[in-house]
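In C-alpha cells below, several structures.
In the two assemblies presented below, chain A is common to both, partnered first by chain B and then by chain C.
Here is the complex of A and B:
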C-alpha cells in the first residue's frame, strides 16, 4: 500500500504540486469565484486546441513538439492575409485556416525531416528550429509583405511602405467563433462552438490512434528499431506526426487569436509552444505519455494559476509584478521539473532492470518507471 | 504516386481553391455608407424624408435626418435594408441590395431607394475626393470627407432659412 501510494505520488507529482499551489493562491488572490469560472471557461475554449496539437508527436516518441510554433506562424500569416483582404466572420476564419494549411504542411515537413536527422534530441532540435524559423517569419512579415507580396490594405503596413505593423486588429473576426452558438448559464458566457470543435478534434485523435497509421506511430514511439524491422516506415511516420501537429497548431493559433482579437505580429506565436507544453505537463503528461484528460486538466490548472498568481502576489507581498514573474517562473519551471522527473524515472527504471538481471530485488519506487 | 492518387490529390487541391474563392466571395467585408443626401438621377431629383429609421440586416435601426451619412460595416455581398419614414410621410419598405465584391465602401442612397429610382442607382462606389478639394462646408462629420458617387450627382442641401 505504501509502495502504491509512493508510486502514485511520483507519477502525479506535478499535478499534486500545482493543485496545492492553486489551493493556496486562490484565497490569497481574493478573486471572485464567478470571475475565475468565466475566465477558465473562456480559456478552455481558447487554448485547448493548441495543447491537443502536442499529443501525436508524443505518441510517436518525439517528445514535446516545441516546433509547434511553426504552425502558429502559419496561422498568423493566414490571419494577416484575411485582414488585408477584408474577409470577415466565419468565412474569414475558414479562409485563414485554409491559407495556413500549405504553410503548416511545408513547415511541418521541414521540421519532421530535420528531427529525423537528430533522433533522440527532437525537443531541443524543435526548440532551436523554432528560433531559426522565427527569423524567416520576421523576414517575410517585416520585409516581404508589402514589397514582394502585394498587400491591399495600406493601413496594415508600416509607414516605410512595406512590412506589417506590430499590432494587427482582427475586428472582422473577433470572437466570431465564441459567439457563434451563444449560451449564457447563470451569467456565465459559454463558448459552445469552441467546445464542439475541441470535442471533434479529441474524438479524431482517439479514432486516429486506432487506425493503421496511429498504431504505427505508437509502435515507432515504443521502439524505433523494432518498428523499422517489422516494416513500418519509421521516418515517414515521424514526419507525419510532426506535420499533423503543425497543422493543428496553425488552426489552434487561429482559434486562439480570434478570441484575443489582435495579433502581435512579432511575438504572438513565440510563447505559444512554451505555454502549451507547460499546460500539458501540469496536466500530468510526460515526455512519453499524454492523453486528452491531461490536456483538459492541464489547461484548467495552468490558466487558473495564471489568473490568480498576479493578484496573490499583490496581496501577499504588495507587488503585482511578482505574480507576473511567478507566472513566467511557473511555465518554464514546470517544463524543467517534468524533464527532470522523466529523466530520474528513466534512470531509476534502468537501475531496477539492471538489479533484476543481477538477481537482486528491484527498488519499489522504480516499478512505475517511465510510462 | 499512382495516377489515381494524383487525380484524387489534384481534385482535393482544386476543391480547396474553389472553397477559398467561395469563402472570399461570401466573406468579403464592406463598409456601407448609408446616405440621405438628395440625388439627381436622369434629371429627376430624389430627396429624402425629414427623418428615417434605417436598419441593415436586422440590426438596431439608426435614426437619420436629411443630408446625413452613417457607416455600417458588413460582410458578404447581399444585405437587407429596412427603411422606415418617421416624419414627412408614412412609409416602411424592405429591400435587398447587392454590393459588388471589390467595392470596399459602397454608398447606399436612401432617397433613391425611397423614391423608386432604378436599382443601379441604389448602390454606388464611394470615391473620396482629395482632401484639399473638399470644401469645408460639405463635410458631414468630423474627420470624414464627403464623396461624389460615380454615377449619381448629389444635390447640395438647401441653406437653412433665417
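Here is the complex of A and C:
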C-alpha cells in the first residue's frame, strides 16, 4: 500500500506541486472565492477546447504540438471575415469555423509534412514553424487584406486604407456561445453549451483512439520502424494527427475569442500554443502521455495560478509585476521541466539498454554518459 | 549548366537567393535616393554590434549540442555585468572592462550549470535550451525588480519599483568601441573600427581554440560522440566546455551590443535575442551540426544587410514598412530549412 502511495505521489508530482502552490497563493491573494469560481467556470469553457487539440499529436509520438498556433491563425482569419461581412450570432460563429476549416486543413498538412522531414525534432520544428507562419499571417492580415483581398467594412481597416486594425471587436458574436444555454446557479454564470461542445470533442477523441486509425496512431507513437514494417502508413498517420490537431485548434480559437470578444490581430494567436501546452503539462501530462483528465485539471490549475499570482505577488512583496513575471516563469518553466524530464528518461533508458548489450553491466554504468 | 548546378548545391540555394536579394537592394539604393554610404556604414556598425553573438553559436554547434536557442543565458550574464558596472560608477574603458569581466564570471557560472543540464538531455537540446532560456529570462525579470541596485541612472524615480526597462549607458561607455580609432569618410560613412576589431579578435581566439587539442576534442565529440569516447575523450566535459564558451561569448556579445546601441534592455528584452543570431549563422551556411567562422562572417553580413537595407528601400519605393514581416519570414524560414534538410553544410 505504501509503495502504491509513493508511486502515485511520484507520478502526480507536478500536479501536487501546483496544488500546494495554489493553496498557498489563494489566501495570500485575498481574492474572493466566488470571483475565482466564476472565472474558472468561464475559463474552462473558453480554453479547454484548445488544450484538447494537443492530445492526438502526443498520441502519435510527435510531442507537444507547438504548431497548433497555425490553427489558431486560421480560426482568427475566419472571425475577421465574418466580422467584415457583419454576420452575427451563432450563424456567424459557424461560418467562421467553416471558413477556418480549409485554411487549417492546408496548414495542418503543411505542418505535418514539414515535421515528417524533421523526425525526432518535431517540437522545435513546430515551434519555429509557428514563427514562420506568423510572418505569412502578418503579410496577409496587415498587407493583403483590404488591398488584394477585398474587405467590405472600412472600419476594420487601418487608416492607411489596407491592413486590419490592431484590435478587432467581435461585438456581433461576443459570448453568444457562452450564453446560448443560459444557466445561473447561485449567481454564478455557467457556459453550459461550451461544456457540451467540449464533452462532445472529448468523447470523439476517446472514440477515435479505439478506431483503426487511432490504433495506428498509437502504434506509430510507440515505434515508427515497427509500425512501418507492419504496414501502417507512418508518414500519413503523422500528418493526419497534426491536421486534426490544427483543425481543432482553429475551432478552439473561435471559441476562445468569442468569449474574449476582441481579437488582437497581431498577437491573440501567438501565446495560445504556450498557454495551452503549459496548462496540459501542469495537469500532469508529459511529452508522451496525455489524457482528458490531464486537460481539465491542467486548465483549472493553470488558470487559478494565472488569476491569483499577480495579486499574491502584490500582497506578498508589494509588486504586481512580480506575480506577473512569476506566472510567466511558471508557464515557461513547466514546459522546460517537462521536456527535461522526458529527455532525461529517454537518455537514461537508452544508456541502460546499451549497458545490457555490453553484457549486463550494472545500471550505474549508464551514469557514465555515453552519447 | 552542370557547373551552375554544383555551385548552387555547394553555396546553398537559400543563401544564394538571400545574397542576390541583398545585392539587388544595394543596387537599387542609389536609384530610389537612399544614401549608399550611410547604408554601408549602418550595416558595418550592426555587424560589429551583433557579430559576437553569432560567433557564440559556433562552439555548441561544433560539439553537437545544436543551435543555442538558450543564448539568453549568456545575454543575462551580460546584463548583470553591465548593470553591476554602472552601479560601481566606473566610467569609460575601465567601466566597460568591469562590465565584461563581471559578465564573463556570471556567464561561466551559468554556462556550467546549463552544460550540466544539457548533458542529461542529449538529443533534445534545442527545445530545452529554448525554454530554459525563456524561464531564466523570467527569473531575472523578478531579480531586476528586487535586486538592491542604487544607482539613480538605473532605478525608477518616485513610485517605481526595481530597475528601469531600458538604461542608457551614455556617460558610462556608450560607443566606447565604435568610436575607438573610428574612421570617418565624408559625412555619412563611419567605420566602427573598435567593435569590428573586437569581433575579429574574438573570432580569431575561437579559431585558435578549435586548433588546440581541447578544441579538436570538442569537434570530435560533435562529429561522432561514440568514436570520441572510444578515443578517450571525456564527452560530457567537452560538451560543458562548449556550452560555457558559447554562453561567455554571448555575454561578451551583448555588452559589445549595448555600447553601440547605447542602452541596456532589461526584463523581456533578452527573450528572443537568440533567434537573430541563430538565423544569421544559418544564413551564413551553417547547419545544425557544422559551423565555421566563414559562416559567421557571411551570415552576420547578409543578415544585418537585409535588416538594414529592406526598410530603407521599401520605405523609399512603396512607402510601406514591411521590413518586420520580411525579417520574421526570412529568419524563421532559414531556421526551418536548417532543421529539415539533410545534414550537409554549404561551403
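Note that the second predicted complex is superposed on the first by the 337 of 371 C-alpha atoms of A that agree within 3 Å, B and C clash if a C-alpha of one lies under 4 Å from a C-alpha of the other, contacts with A are read in each partner's own complex, and residues count from 1 in each chain.
What we mean here is this: a contact is a pair of C-beta atoms (placed from the backbone, for glycine too) under 8 Å apart; a residue touches a chain by one contact, two chains touch by 3 or more.
Quick caveat, the model's predicted, so the values are computed rather than measured.
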- When chain B and chain C are modelled together on chain A, clash or fit: fit
- Item | Partner chain(s) touched by A:91 [first = chain B, second = chain C, both, neither] | first
- Message: Applying the document's definition of touching, compare chain B and chain C: which contacts more of chain A?
- Response: C
- Using the touch definition from the top, say if A:129 reaches chain B (first), chain C (second), both or neither. second
- Message: Quick check on the superposed pair: does A:182 touch chain B, chain C, both, or neither? Answer first, second, both or neither.
- Response: neither
- Arrangement angle, chain B at one end, chain C at the other, chain A at the vertex (C-alpha, nearest 10°): 110
- Message: I'd like to know which partner A:233 touches here: chain B for first, chain C for second, both or neither.
- Response: neither
- Where does A:27 make contact in the superposed view: on chain B (first), on chain C (second), on both, or on neither? neither
- Query: Tell me, in angstrom, the smallest C-alpha to C-alpha distance between chain B and chain C in the overlaid model?
  - Reply: 29
- Note on the structure: Touching chain B in the complex, chain A uses residues 82, 85-92, 94-95, 98-99, 101, 171-172
- Query: Given the complex with chain A, which residues does chain B contribute to the contact?
  - Reply: 16, 19-20, 23-24, 26-30, 73, 75-76, 104
- Task: Spell out the part of chain C that touches chain A in their complex, as residue ranges.
- Result: 64, 69, 117, 119-124, 126-128, 130-132, 134-135, 138-139, 141-142, 145-146, 161-162, 221, 225-226, 228-229, 235-236, 275, 320, 322, 324-326, 328-329, 332-333, 335-336, 339-341
- Complex interface listing, chain A residues touching chain C: 114, 117-118, 120-121, 123-125, 127-129, 131-132, 134-136, 138-139, 142-143, 317-319, 321-322, 325-326, 328-329, 332-333, 335-336, 339-340, 342-344, 346-347, 369-371
